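Multiple structures are listed underneath, in structure tokens.
Both complexes below contain subunit A, partnered by subunit B and then by subunit C.
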Partner chain A sequence: MKTIRLSIIGFGAVGQGVARTILSKKEILHKQGIDLRVIGISDSKGSEINVDGIDLKSALARKKQKGTIAKGNEGALDIIRDVEHEIVVEATPTNIKDGEPGLSNMLGAFDSGKHVITSNKGPLALYFSQLKESAEDNGVIFRYEATVGGAVPIFNLIHESLAGNRVMGIEGILNGTTNYILTRMAEERLTYELALKEAQELGIAETDPTYDVEGIDSACKLVILANSVFGQAATYRDVEVTGITKITPEALELASKNNYVVKLICEAGNGTLTVAPRLVPKKHPLAVGGTLNVASILTDLAGRITISGKGAGSIETASSILSDILYIVRNS
Partner chain B sequence: MKTIRLSIIGFGAVGQGVARTILSKKEILHKQGIDLRVIGISDSKGSEINVDGIDLKSALARKKQKGTIAKGNEGALDIIRDVEHEIVVEATPTNIKDGEPGLSNMLGAFDSGKHVITSNKGPLALYFSQLKESAEDNGVIFRYEATVGGAVPIFNLIHESLAGNRVMGIEGILNGTTNYILTRMAEERLTYELALKEAQELGIAETDPTYDVEGIDSACKLVILANSVFGQAATYRDVEVTGITKITPEALELASKNNYVVKLICEAGNGTLTVAPRLVPKKHPLAVGGTLNVASILTDLAGRITISGKGAGSIETASSILSDILYIVRNS
Partner chain C sequence: MIVSMTLELKDIPGQLVLALAPISELHGNIMSVVHQHEEKTPRGTIPVQIRFEIDQGVLDELIKRLENSGVGVARVGEERLRSSVSVILIGHIIHSDIGDTIDKIDSTGFAEVVDLSLSMPAIERTSSAYLVINAVGERELKKSLEILREVAAKKELLMIEPIRLNSEVV
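Let's turn to the complex of A and B:
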């Protein structure tokens, strides 16, 4: 039995999804000779630490009941630095102003010799190359499948499954909220405002939808993808971004009559980074509807490979984090 | 520098594609510390052996000029058994009667302690569990990404990228020829016979199209997928198969009016294995056109993940074989 000790830093939807997933997969992982133990969990109010492994069921129940995991006052960095474990799962909320507290958590983890898995886009959209360098300097693994495409394993597909291929370009829809709004506008001839309202009522769009509808969330994901695949050192501010707020039902109808749909497309390749509404032929692999995410990878050998799936959701994001955990189990 | 010695058994379109790909990737692989050397190539007429590494450029030129690689009389099994190397790339033509000569080549390779990578569906559609067992007994790796979906890395996606997920079902279009015929019938209101003729003129369908249009090629691929993913021990004869020869333009038109397309869909899950024409909503991720292949994986955590790409082609197939080679380099 290989024992791997984890901390979960940030215990919102993603962190709780990870805990639930580790719980539900306990037996099957045991059968594969893997014993995952969560030795520390922290949220914004405090933390729980147990070097023998936290009882995840009661931790989840306590979080639900009291709104916090807090049993003690240790902060995230106390757990990351001072408790012995192998993997830090960094799942604090995305902050694209300065990347904190994720940035300090990740750098602290690297410095204390721990592998990092994250769903937090902020630090990677701002300081990707610094983070990668710090991981390399400390001889640890840095994985971030959950930052882009939710459940869709884009990084793994490119780096492992398509190994040997040169990637020439990437196109994709990396934001489910805008895809939902555009899909509903096209299907029902809704105005942008009405479709947004519907998305907000369904919990697909946030009360302040700016990051999504102005294309900033897409830009963050695109820049992480480009940095990882093309070895760029860009930040999300280097992306040329146009949002979807000015698209009219009339424009979508005209597109539809000519067998096109309008999608908020992210594009990387030849050094350019663009997020903008584009006409996509209805039969094109990128023309996926609803809240789906999709990425199309242009390669020298395999040609165009397109992958789609759910771009958000607590368990879907945990799926990507679990695959990263298992990657580290196999490769460390 | 890690030196990996390979043999290429079978030097048709796939074998030559592998040689061309190894040639074109030589420098970039060197930079990654990998030195791939082909020490033996065989075709139906003979072979070339060079323990220091065959000059692939002149081997390809000779094959083109003379129609054979033959310099010596050694057969495939002589190379496989008697020449020291690590990986056998088995690329002889698919034979679904008895799986030969691929079956003996693969078993011979396992018995002599060599890893096997193959594009040959025959042996796997008939004797999957025996082959897997033989590889395990001999402590070697058995990879077959190129047998299903051409350039689409289906096995790698499921086993590596979606690690931790339980696969509940698989649906897909695994034959490009029938997809082309159905797409053209729908687009141009062609009869089956006319669309087939067009596909034959373009080299997409073979002179005897039986295996493709009767769904047998799809059944072989489906059974390999099911055996690999669900640990079944089925053969292609266990698949319930209906081909596309009885589909009329009228049926396609009626489907289209209701926003459906007709596709030859492979389905595995709950122990059933089916290949049959199915109605697919035009907006469904499986509704890809032309010669594309697509697979939709239903999982417990990630939900539905769909991947599409080119299902055939010499370099596309070589892409899958190269990713298998690099997997073995990383894991052996």
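Let's turn to the complex of A and C:
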């Protein structure tokens, strides 16, 4: 049995999803000779540490009941630096102003020789090359499948399955909230304001929807993709961004009459990064509806490859994180 | 440019080759040939419709060569606008002078707005328009999109372009 110890830093929807997934997959992983042991969990109010492995069931119950995991006062960096373990799962909320606290957590993990898996876009959209360098300098693995496309394995597809291909361009829908709003506007002839309200009531859009509807979230994901795939050193400020707030139901109707849908499309290729509403032919593989995400990758050998799936959700995101955990288990 | 021509051939062997040879000699690219042997003209000649791509500068020379070899040129038609793109504009389209917006494209000489659908839901709400632009070639189409982008930015219109379907050539 190979025992891998990990910490979960940030215990919101994603962190709890990871805990739930580790619990539900425990037996299957044991059969494969893998024992995943969570030795520390922290949220904004405090933490729980147990070097023998935290009881995840009671940790999840306590979080639900009290709103925090806190049993002790140790912070995230105390766990990352001072508790012996192999993998840090960094799942704190995205902050695109300075990337904190995720940035310090990740750098702290690298410095203390720990692998990092993250769902946190902020630090990667701002300091991708620094983070990658720090991981390399410390001889540890840095994985971030969950940052782009939720459950959709975009990085795995490009770096592993399409290894050897030259990627010429990427187009995709990387934000489920805007896709939902545009889909509903087109289906029901709703105004933007009404469709947004509906999305907020369903919990698909945040109370402050700016990140999503102005295209900032899409831009961050595009930057991470471009940096990872093309080796660029772009930040989200390098992306030309247009949001969806000005789109009218009439425009969607005119598009539909002419066999198009309007989608917020991310484009990388030819050195430029763009997020903008685009006309997509109804039968094109990028024309996916609802909250779905999709990415179409143009390569020199394989041609065009398109994958689509759920771009958000606690368990869906945890799927990507678990896959990263198992990559490290097998490759370290 | 793409040209479609109706030629009239004498009803004797070897005439079709005679008609097609000058096009190849002038580096034209023949796209289709329709030879209607059973439909003779009142003059007893056989009409042939051909479609080909050729440099505009050698078209007169081609017609001269055809006529010199005894091939009648009954009709010459140019298919100018062969590249097409759809865009959507959102904003104060009428008040920012839609006529002027269209004119900016039409006045290029290489592109035209060939379709326009407009939707104006209410006076205080923004209107939406669907436009189709045709141009003589892909390069000219790109140029006309650049012009429209500039106009849209100046008039504070949101312009929605198609995805780059041909990103194969990015």
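Everything below uses one rule, namely that the second predicted complex is superposed on the first by the 332 of 332 C-alpha atoms of A that agree within 3 Å, B and C clash if a C-alpha of one lies under 4 Å from a C-alpha of the other, contacts with A are read in each partner's own complex, and residues count from 1 in each chain.
The definition used in the following text is that contacts are C-beta pairs under 8 Å (C-beta built on N, C-alpha and C of every residue); 3 or more make two chains touch, one makes a residue touch a chain.
The model shown is predicted, which means the values in this text are computed figures rather than measured ones.
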*Mind working out whether A:318 is in touch with subunit B, subunit C, both or neither, as first, second, both or neither?*
first
*Classify the contacts of A:6 with the two partner chains as first (subunit B alone), second (subunit C alone), both, or neither.*
neither
*Please tell me which partner, subunit B or subunit C, touches more residues of subunit A.*
B
*Considering only the touch criterion stated at the top, classify A:79 as touching first (subunit B), second (subunit C), both, or neither.*
neither
*Who does A:246 touch here: subunit B (first), subunit C (second), both, or neither?*
second
*For A:309, select first, second, both or neither according to whether it touches subunit B, subunit C, the two together, or no partner.*
first
_Quick check on the superposed pair: does A:257 touch subunit B, subunit C, both, or neither? Answer first, second, both or neither._
second
*asked:* For A:164 in the superposed arrangement: first (subunit B), second (subunit C), both or neither?
replied: first
*Do subunit B and subunit C land on any of the same subunit A residues, and which?*
none
_Complex contacts: residues of subunit B adjacent to subunit A_ = 21, 25, 28, 151-153, 156-157, 160-166, 282-283, 285, 288-289, 292, 299, 301-310, 313, 315-316, 318-320, 322-323, 325-327
*Spell out the part of subunit C that touches subunit A in their complex, as residue ranges.*
86-88, 90-91, 117, 119-121, 125-130, 158, 160-165, 167-168, 170
_Touching residues on subunit A, where the partner in the complex is subunit C_ = 168-169, 171, 242, 246-248, 250-251, 253-255, 257-258, 260, 262, 265, 267, 269-270, 276-281, 284, 286, 298
